[in-house]
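In what follows, chain A forms one complex with chain B and a second complex with chain C.
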Partner chain A sequence: MISQVRTDREGFRASAIDLDSDGYRLMDMFTEEPFGDAGAVSALFRRGDDVVRLWYPTDGRGVTLSRDIPCASPFERRMAEMSGITFDMGTDPIVYRRRGDGHPLQKTPYDRSTEVRIPLKPNSTVGDDVFEIPVGPVHAGIIEPGHFRFSVAGEPVIELNPSLGYTHRGIEKLMEVPAGRDMSRLVERISGDTCVANCIAYAEIMESDTRIPRRARIIRVLMAEMERLYNHIGAVTGICTDTAFNVPSAMGSGIQERVFRMNMSLTRHRQLMNCVVPGGVRRDIPDSRLRELDDFLIRLKFDLMDLTDRMMDSPALQDRLEGTGVLTNAKAVGIGAVGPIARASGVRSDVRRELDYECYGDLGLNLCSDDRGDVNARTMVRIGEIYESINLVHQCAEMLEPGETRVRAVPSDGFHCSVVEAPRGELVHSAVVRDGRVWRYSVRDPSFVNWFGMCHAVPGNVVPDFPLINKSFGLSYAGNDL
Partner chain B sequence: MFATSLSNLVGRGRNTVPADDIMDGRGTMPMSSERCTGCGSCAENCPTAAISISDDGWSVDLGRCIFCMDCAMVCPADAIAEVPAPDYALSRDDLVVRRETDVASIEGVLDERTRRMFSESLAIRELDTGSCNACEIELNCMSNQFYDAHRFGIKVVASPRHADALVVTGPMAENMREAAVRTDEATPSPKLIVANGTCAISGGVFVGGDVAPSGISDVLEPHIYIIGCPPSPDRVIRSLAKALGMRH
Partner chain C sequence: MIVVEVLQAVLLIALAPLMSGIVSKLKAGMQNRPGAGVLQPYRDLYKLCRKGRAVSGSCSWIFHAVPVVCMASMLILAAMTPFVYTGVLAPYGGLVTVVYMFTMYRFAMVLGGLEGGSTFGGMGSSREMMMSVLIEPALLLGIATLAVLSGAGTDMGDISEAIATMGVAAVGPALILAACSFMITLLAENARIPFDNPTTHLELTMVHEAMILEYSGKELAMMEYSSMLRMTVFMAMLGSLFLPWGISCTGEPVSLVVSLVLALAKMLVIAFAMALVESVLCKSRLFKVPNLLTVSFALSLIAMISLYIL
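Let's turn to the complex of A and B:
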């Protein structure tokens, strides 16, 4: 349920603080351009299934919220950089590594020819024996680009600052097209490992006024859970790889490959792309494939038990994981962490249980959580969710009944918002449609907030544990940078 | 304990793809048939403008195609079929395919000197210039026990200074330009540049917008263009092995 509250500049701060103290969590903030008559700043809050959009019209000046609600800070930085809104408290750039005249999300063109390079900010920790280690953007493994600066004195890290934005491709601007046009091919590629979740969020916005066939909803959930499966299996495998626990690591990558092959057999794409579209799904899953899926899941469960038993039986592995990279509950709440990261720090929240989107309301789902907040807790939460996902895929396959899989869907004018549990956590898409055109499309990837969790979890740990902590957070660069 | 571990890796059968299968398997691509009326609805609905219809007839640019087959779904004459696709090409122009094009002829081999240098062992360094991470997932899969790229002498190295080839993914996002140039400079010659996937070849779905990435070719000069969105691990292995004349 979405309620919209309009305030003015003066009332915004007080209303936001009220919501925050009532247990509402800030999900996303975005602007509508051009500033002046039609300009606005919106903040989305959520508590359970209650979503509130708090907004005020603006002439280009914003109201600083981050002094009272710290997790507003990254949103304010992004709005200042991308839309050119000004805050009385200065903001650092967050996406662009260069800056030209104008701002990319403004309706007037952004002048790239005048770009100058923004120097990276040095860390604030200085001293005789403090060294700064710069890493990236090109890393040693096959991973996405990002730049990190550690300040170290001896082994332990004192300060860590990530600089992201290297994979910024201007997706929010590309989404501004006539509302009837299907942009799901682009939405899938916001983050190649979160195709289904992103696409469901996009489709739900486009379908706000349409009833979607039940079979399509079930197929979508089935695919979303297959996506969570391969992501979580990949993350758990990564933990084994980064601790040089080689046999389970090889087992894990084999299991992940088999999930990819099952995806291929179900949807003809290993990462489940080209399937979810506004109005339903593009391809039906034939019954013969579903029988194959059943056998596959049974075998998958046995193989996973083999893998996870090995992990839990190894004191050497547990020694590396326990107590490493702790994100305390207070910090997780403070930064507004979401998904498995938050659940491993004792925040018992899962969009699938709270919002009942698609057909999750009809499925039995246990919430996996842990209070310790360390690498081990995050790994255990993921392992728990892997088994839950297998269970959900089973339930979906049993619920499938013959029927339609696609109808036509075009959104009406106004504000639309959808919240989805992606493998990495709560994913928020919101759109403002004006005169049959997507006027502004905002995507808030779970990684966008969780990156700040990692900055709090790493200090105090030794440098060689950074890759392990990074892997346990398993954050997306592409989804964060858009 | 070691015996059970090993049996888990290899003993359950069907795990490793035989080298011959990797060499034979092919992806698919859209191709119009005789039934095509030239109405243009496929070109209109193509998310990456890969299809063009002119006086010369129907053509698809495999450097732009993301193989979603939306074109086949919208075709009123049901004229677009999925046909076997090539895996790679050695020049950008070869990727524009017409009905009369002999697909097998697109996949060339590199010159003999390059083949002699790299066919026995190829150290690759992956460079992400703004990809969505799907290409990275697939490149990581290349070294799992199903594909085991090592048996072709293909290995992933940690530094560009140790690399024979840069496998570049992503559409060359503005913020990655400088890092890409410097990674290229850090890689010793002779080297191969491989454009891996639709984004790297042409910018794919990200063309337009405020950043307007258009593929890697205005910064780096690719020697091999591997098609696919993302290219599957077997396709990457196949492309490298065929272009370099690797023994299998």
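Let's turn to the complex of A and C:
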């Protein structure tokens, strides 16, 4: 249920605080350009299945919300950098886009003179025995680029500041095309391991006025759960790899590989690309493959039990995981954390249960959560969700009935928004369509808010535990930095 | 007998990469992977030797001296260690020299880690020093227990011969506890799990790898080779000091062949034990490492005390 509320600059802050105190959580903020008569700043709030878009017209000056609702701070910074809007109380100078090249989302022709090169903010902790460790953006493994600055006193970390923004590709700008054009190929590349979830969110926006065949909806959910499976198995395996727990790590990699091969057999792509499109799915799943899937899932469950038993039965591993990188419930709520990270800190929220998108309303789903908020809790939540996903894929495979899988879908003018549960958590896409053209497309990846969770979880731990905490958060750099 | 002494030192030196390859292969087998061949470390060293090097601008001559010191100290140790024959090529100084050869190696490596001027080298060096403070007494006390047990002075060849001739009589709490302590020290000293992860790519968790991060080309090959040799020397010492039965004391051809076969079998058993420990355990927290090293020290202390009170 999406409702839109228009306010003015003066009334915006009061309305936003009202929503916040009513239990609505800020999901995303974005601007529409050009500033002046057609410009606007929107804030999206959600409580359960109730989504509210609060917006006000602007001439390039915005109202600071982050003093009252702290989790608005990253959105304000992003808007300031991407669109050049200024806020009345300023924004924190942490940057997402280090290579300054103007404001990428402006509608006006690109002006080089606006180019800014913002220096890295030094850490605020200083002292005789405090050392600053710079790490990255080039890392030793094959991982995405990110620069981290640790202030340490010996081994314990006092302060951690990440500096991201090395993977900016201008996706939001590239999305501004005539509304009928299928941009799913680009959307899949927002974050390669979240391509189904991103594509479903995009397709739901394009399908705001279209009824999609039921078979297509079920196939989409099946794929989304297969995607969650391989992501979560990869994350759990990563925990074993980073603690040098070699045997389960090798087992986990083997299991993940088998999921990739099953994906290949279902959709002809190991990571399920090129499947979900606006209006349905590009490929149907034949019945012979479904029988294969059934056998596969049963075997997968047994293999996973073997893996998770080994992990839980190892005192050495439990010693590493317990109490490491605690994200308290208060902080998780404060930064508006989403997904398995939030659920591991006692936030009982899952988009799949709250919003009846695709066919999740017809499926039985248990919510996995934990209250401890440490690396162990995050791992346990993921393990629980792996079993839930297997269950959901089973249910989908049984529900499949013959039928159409694709219709034509073009969105009407106006505001559209979709919220889906990606493997990393709540993913928000929103679009403003004007005159049959996507005027503004905004993507809020779950990692965008969860990055701050990690900054809160690391201080107080020792430096060698950072890679483990980082892995337990499992954040995306590419999705964070469009 | 000088020929046998030279040959056993050469054998130890030549076997080092093979032992490293065998441990990796066993680990791979326990993980259900085929793994690289046991000769892979030789190929890696050959590859590194043909590569050029990149050197940080902040390095002094120490940076280039470190690989030489590390390798030289390990080569000397290889010549000091009885492996198949109790006579050794370099019978100088005895146990204290052995322990401080390891310390010299470690000291040189720590300097090399600091020389590069990178953050990770410094972190690795500081962690290595923290561990070495605890490894050194455990190692010294463990070997000293043997010297007292055998009553043969501090020369490694003499200790090995004395314990071998004592036969079953030598097996007692002192030997068993000292061997356990030495095994823990072996894992710690060679940067194995649970102390360090030899295969990690995570700069922030490294100890040994962080110190050699700045090395490349031939110098890296020397550092890699000396750490392989260090592991092999440790394994040979565990085999010929703590379980010396079968080692050749006379140097007769038949006894040498028997001793060689037994020595290699002991190495394989130790390699298997290492691979098993690395597969069952995971890397422990950095500040839990001292606890395990304290256990090692306590074991060797009890071993020493048990010699006098039992």
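Assume the second predicted complex is superposed on the first by the 464 of 482 C-alpha atoms of A that agree within 3 Å, B and C clash if a C-alpha of one lies under 4 Å from a C-alpha of the other, contacts with A are read in each partner's own complex, and residues count from 1 in each chain.
The working rule: contacts are C-beta pairs under 8 Å (C-beta built on N, C-alpha and C of every residue); 3 or more make two chains touch, one makes a residue touch a chain.
Keep in mind that this is a model prediction, so the values were computed, not measured.
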Dominant toucher of chain A (residue count), chain B or chain C: B
Touched partner set for A:I190, first chain B, second chain C, both or neither: first
First (chain B), second (chain C), both or neither touched by A:M273: first
Contacts of A:F466 with chain B and chain C, given as first, second, both or neither: second
First (chain B), second (chain C), both or neither touched by A:E207: neither
Touched partner set for A:E388, first chain B, second chain C, both or neither: neither
Which superposed partner A:A478 touches (first chain B, second chain C, both, neither): first
Chain B versus chain C as contact partner of A:F260, first or second or both or neither: first
Chain B versus chain C as contact partner of A:G141, first or second or both or neither: both
First, second, both or neither for A:D374, with chain B first and chain C second: neither
Common interface positions of chain A, toward chain B and toward chain C: 140-141, 247, 250-251, 254
Interface residues, chain A side, partner chain C - complex: 133-135, 139-141, 155, 240, 242-247, 249-251, 254, 314, 316-317, 319-320, 462-467
In the complex with chain A, residue positions of chain C that touch it: 27, 30-33, 119, 123, 193-194, 197, 199-205, 278-288
In the complex with chain A, residue positions of chain B that touch it: 5, 8-9, 15, 47-48, 66-70, 73, 126-141, 143-146, 156, 158-160, 170-171, 173-176, 179, 183, 204-206, 208-213, 229-230, 232
For the chain A and chain B complex, residues of the former touching the latter: 96-98, 104-105, 110, 112, 137-138, 140-145, 165-171, 173-174, 185-186, 189-193, 195, 234, 247, 250-251, 253-254, 256-257, 260, 270-271, 273-274, 282, 306, 476-478, 481
